[in-house]
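Common to both upcoming complexes is chain A, partnered first by chain B, then by chain C.
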Partner chain A sequence: MSVIDQLTGEFARLPGIGPKTALRLVHHLMKGPKDDARRLSRAVMELAERIRPCARCGNFSEHELCEVCANPRRDSGLICVVEEAFDVGAIERAGQYRGVFHVLGGRLSPLDGIGPEELSVAPLLERVRASGGEVREVIIATNASVEGEATAVYLEQQIRPLGPKVSRLARGIPVGSDLEYVDGTTIAEALAGRREM
Partner chain B sequence: MHLSRLTLRHFRNLGTQDLELPPEGVAIIGDNAQGKSNLLEAIYYLETFRSFRGARDDQLVAFGEGVFRVTGELVAVDGSEQPAAQVAAAYEKKGKRKKVTVDGVEPERVGDALGRVAAVVFSPADVELVSGGPSVRRRYLDIVLSLSAPGYLHALQEFRKILVRRNAALKDGQPGAVVMAWDHGLVRSGAAVVEARRDWVQSRCRAFDEYYSAVSGGVGARMAYRSSVHLDGARGEQDIAEAYRDALVASSEREQRNGTTVVGPHRDDVVLRLEDEGDDLDLRDYGSGGQRRTAALALRLVEARTIRETRGREPMILLDDVFAELDGGRSERVLGLMEREETGQVVLTAPKEGDIRIRRDALPRWRIADGRVAA
Partner chain C sequence: MAPVSTSAVLLRAHPYGETSRVLRFLTEDHGLLGVMAKGVRGEGGRGVTAVSTFASGVLTVYVKPQRELQTMKDFACTRLRGGLGASLLRFAGASTVAELVLAHAESDPNPTLFHAMEAALDRLEEASEAVAAAALAGVWGIVEALGFAPQLEACIRCGERLGEDEVGRFEAAAGGILCARCGEGSQSPRVGPIARSQLQALLEGRLDAPITFPRRHLALVSDFVAYHVASRPLRSLRFLGDVLPPDPEE
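Up next, the complex of A and B:
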């Protein structure tokens, strides 16, 4: 297999990239300055070698602890539980949250044989237990799918006996969407989860 | 509103045809296996986006073809030429892809496009509604309610999704706490399904009785929703949810043993009973052939009434050689009933001219041979 075919094949395995786009990317790199290709290659290498899960929360990290866990100004009494490390980025970008995270690495999914053992549930419970009461609240921010809901129910049952308050991320009308076009379930949930103003 | 135009592309043996339907309907005459029922199946496909004969979508694509497409145009009764709505459905065998559009726009979910035609099919196979197992009657309820009760289909789909996952957890021998994580959603969606079904059966019991006695020419019959959850005294959805939760707790040993969820709407049934000189018979177990066919007809008539009331217009009636198996007295009475009640469009099939019993002279005749319709 030629180098071109090999790299095209690698690109094509990436999400959202078909064989045509893959080939276009390879041609682009071949035509451009060699330094561009070297820089890309180095960045990919570093990503592979330096990114690992945070030892405490499971977030992407370049060090033992991720930027959130290592930041002394974050409130470690407030843990937000998410399914995947990408979800941390989504909440961080909103810029409102001051607590810390815990990444489950998935959701309860019996059809795929995924139970609590396959997820980072025990480490979460251990974190809460070991804090000796410092963890006041756990916010469960799993997705609004049937699996995400079941995971939230399960975690709530496990965490509440340990002391902290357990809350669920409120669901509602997506910002910027017209009420008119929002489906009934979302509206019903937004109504049920309404807050006093 | 009525179906004014039907365009067919490779649906079963119907080939490529563009048919204009008269407002009063049409009688389709043809020998067996020429495509009479296929035509009704194509029309009803635009109502529910699945075969009323239980065929899979890929079985509906003509032999040697990759895609079928059915398009229907509906016009208002006032006679305006402009179509009031256009419903289209296509299925691609290779990609297993179904595409539904209403007025050219693909709805977010296929469920949003259900019931546009407002049609009811009467078929000789309907006797299964009475003599078949509980799942046949649940499917009947699910279709009628998906077409008439807002939110029903959503609750049902949610329930099914949760049920397969909960069952997988049970089968996998997951600990009780993991199984119970699914209970919240199961109970919430399941209670909505049970409530809608029970209320429908209760409120339509009288109509069922009336239709049954009108067709049988004598005694009436009753229907009742029989739930695997004890519903005595449960009034609204909250009560039902509580009863369902209790039932899950009470059955937890049994479900662990069986590795599956043993209570809930997926185990419910509709009981059809006949009172005959003081005797109370379950029609499924003890009904005669004629009594079962009568009950099946009554169920379809109740369905038609439900559609009339919820959609606010006369349903289109599709009759698939339906009088072939009824005795003379019964078919006369059904005909009388339909002539009185159903003033909507009628499309019926019959093997011979002489078998046309409804709107005898009012309906234009189409002949069908080898899938081709000749007006």
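Up next, the complex of A and C:
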């Protein structure tokens, strides 16, 4: 197999990249300065060697603890549970949350053979137990899907007996959207979750 | 190419790329259908909540016969069934019926199977007390709609009707109940008149007969499904086993 075929095959394994796009990327690298390809290669190597899961929350990290867990100004009594590490970025970008995270590594999906044992549930429970009451609240921020909801229900059943308050992200109308274009199910959720002003 | 519309229930959804999803629907007119739903994950994508697993609605799709994945135009959700996520047992039951259909259904239309699927999901969402029975009835309902219902009234070997108090054996491989005489020496599960009537009620989708030993019933349907319907063990059945209430001590 030629180097071109090999790299095309590797690119094509990435999400959202088909064989044609993969070949286009390879051609782009071949036509550009050699230093660009070397820089990309180095970055990929460093990613593979330096990135690992945070020992506490499972987020991507270059050190034993991720930036959030290592930050003493974050509120460690508030844990936000997310499905995947990239969900941490979504919440961090909002700039409003001052607590810490826990990454489950997926959500319950019996169809895919994913049960509680396949998720990072035991480390979460151990984290709450070991805090000796310091953890006041666990916010479950799994996706607003049937699978995400079932995962939230399971976590609530496991966490509540340990003491902390368990909450779930609210659901409703996206900020900046026109009510006219919001689908009926979202409106129904927003009505059910309305709050007093 | 003109789009076609059909009633459909969403069995499975996978993210694809940044904004799309690959969806597997059971449809009334086109059987099992894989579709690419472009843009439904993106910010402000129309129908974001509507393409939720186990939701029913009207699917409009561009169908090209030789294609593995069709292109979705729209999915107008008529029933979200969000309640299936609010209980692990309901969720496990719904996942099991969906996996069973995905493992066995074909692209030929099968309205009986489609209606059995919808009925199973509705029962699971609506059952107030008998959720375990609704989950078991759902699985048996799909087994029956696929044409594999077990024979319960007469012995599968000799054809004799079982007596009112007769305790038979549930022989999954043979496809039903063995009478006491034919089942002599068999190691298959014992099935007495109460269990038989419960099994019959589950097959008919009735939840009025209380299920005394849900895990034993699960073992019966698991063995039957493994032998007759699915070519591999269903992963959802294991999860259903984990969340079913324990059987009472005898």
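Structural remarks
The working rule: the second predicted complex is superposed on the first by the 196 of 197 C-alpha atoms of A that agree within 3 Å, B and C clash if a C-alpha of one lies under 4 Å from a C-alpha of the other, contacts with A are read in each partner's own complex, and residues count from 1 in each chain.
FYI, a contact is a pair of C-beta atoms (placed from the backbone, for glycine too) under 8 Å apart; a residue touches a chain by one contact, two chains touch by 3 or more.
What you see is a predicted model; the values in this text were computed from it and never measured.
In the three-chain model built by superposing on chain A, chain B clashes with chain C. In the superposed model, A:7 lies in contact with neither chain B nor chain C. Once chain A of one complex is fitted onto chain A of the other, the partner contacts of A:147 extend to both chain B and chain C.
When the two structures are aligned on the shared chain, A:15 is found in touch with chain C, with no touch to chain B. Using the contact criterion defined above for the overlaid structures, shared-chain residue A:125 touches neither chain B nor chain C, since it reaches no partner. By the touch criterion defined above, A:158 lies against chain B but remains apart from chain C after alignment on the C-alpha atoms of chain A.
In the overlay built on the shared chain, the residue A:108 is in contact with chain B and with chain C. In the superposition on chain A, A:186 makes contact with chain C only, while chain B stays out of contact range. With both complexes superposed, C is the one of chain B and chain C in contact with more chain A residues. Note on the chain A alignment: of 25-33, 97-105 or 277-285, the part of chain B that runs into chain C is 97-105. Comparing which residues of chain A touch chain B with which touch chain C, the overlap comprises 108-111, 113, 115, 146-147, 149-150, 153-154, 157, 183-185.
Taken together, the chain A residues at the contact with chain B in this complex read 108-111, 113, 115-116, 146-147, 149-151, 153-154, 157-158, 183-185. Contact residues of chain C toward chain A in the complex are 12-13, 16-18, 43-44, 46-50, 52-54, 77, 80-82, 84-88, 91-92, 94-96, 98-99, 102, 235-236, 238-240, 242. Chain A makes touch with chain C in their complex at residues 15-16, 108-113, 115, 144-150, 152-154, 157, 174, 177, 181, 183-186, 188-189.
On chain B, the positions that touch chain A within their shared complex are 108, 150-151, 154, 158, 161-162, 164-166, 168-169, 172, 174, 177-178, 180-185.
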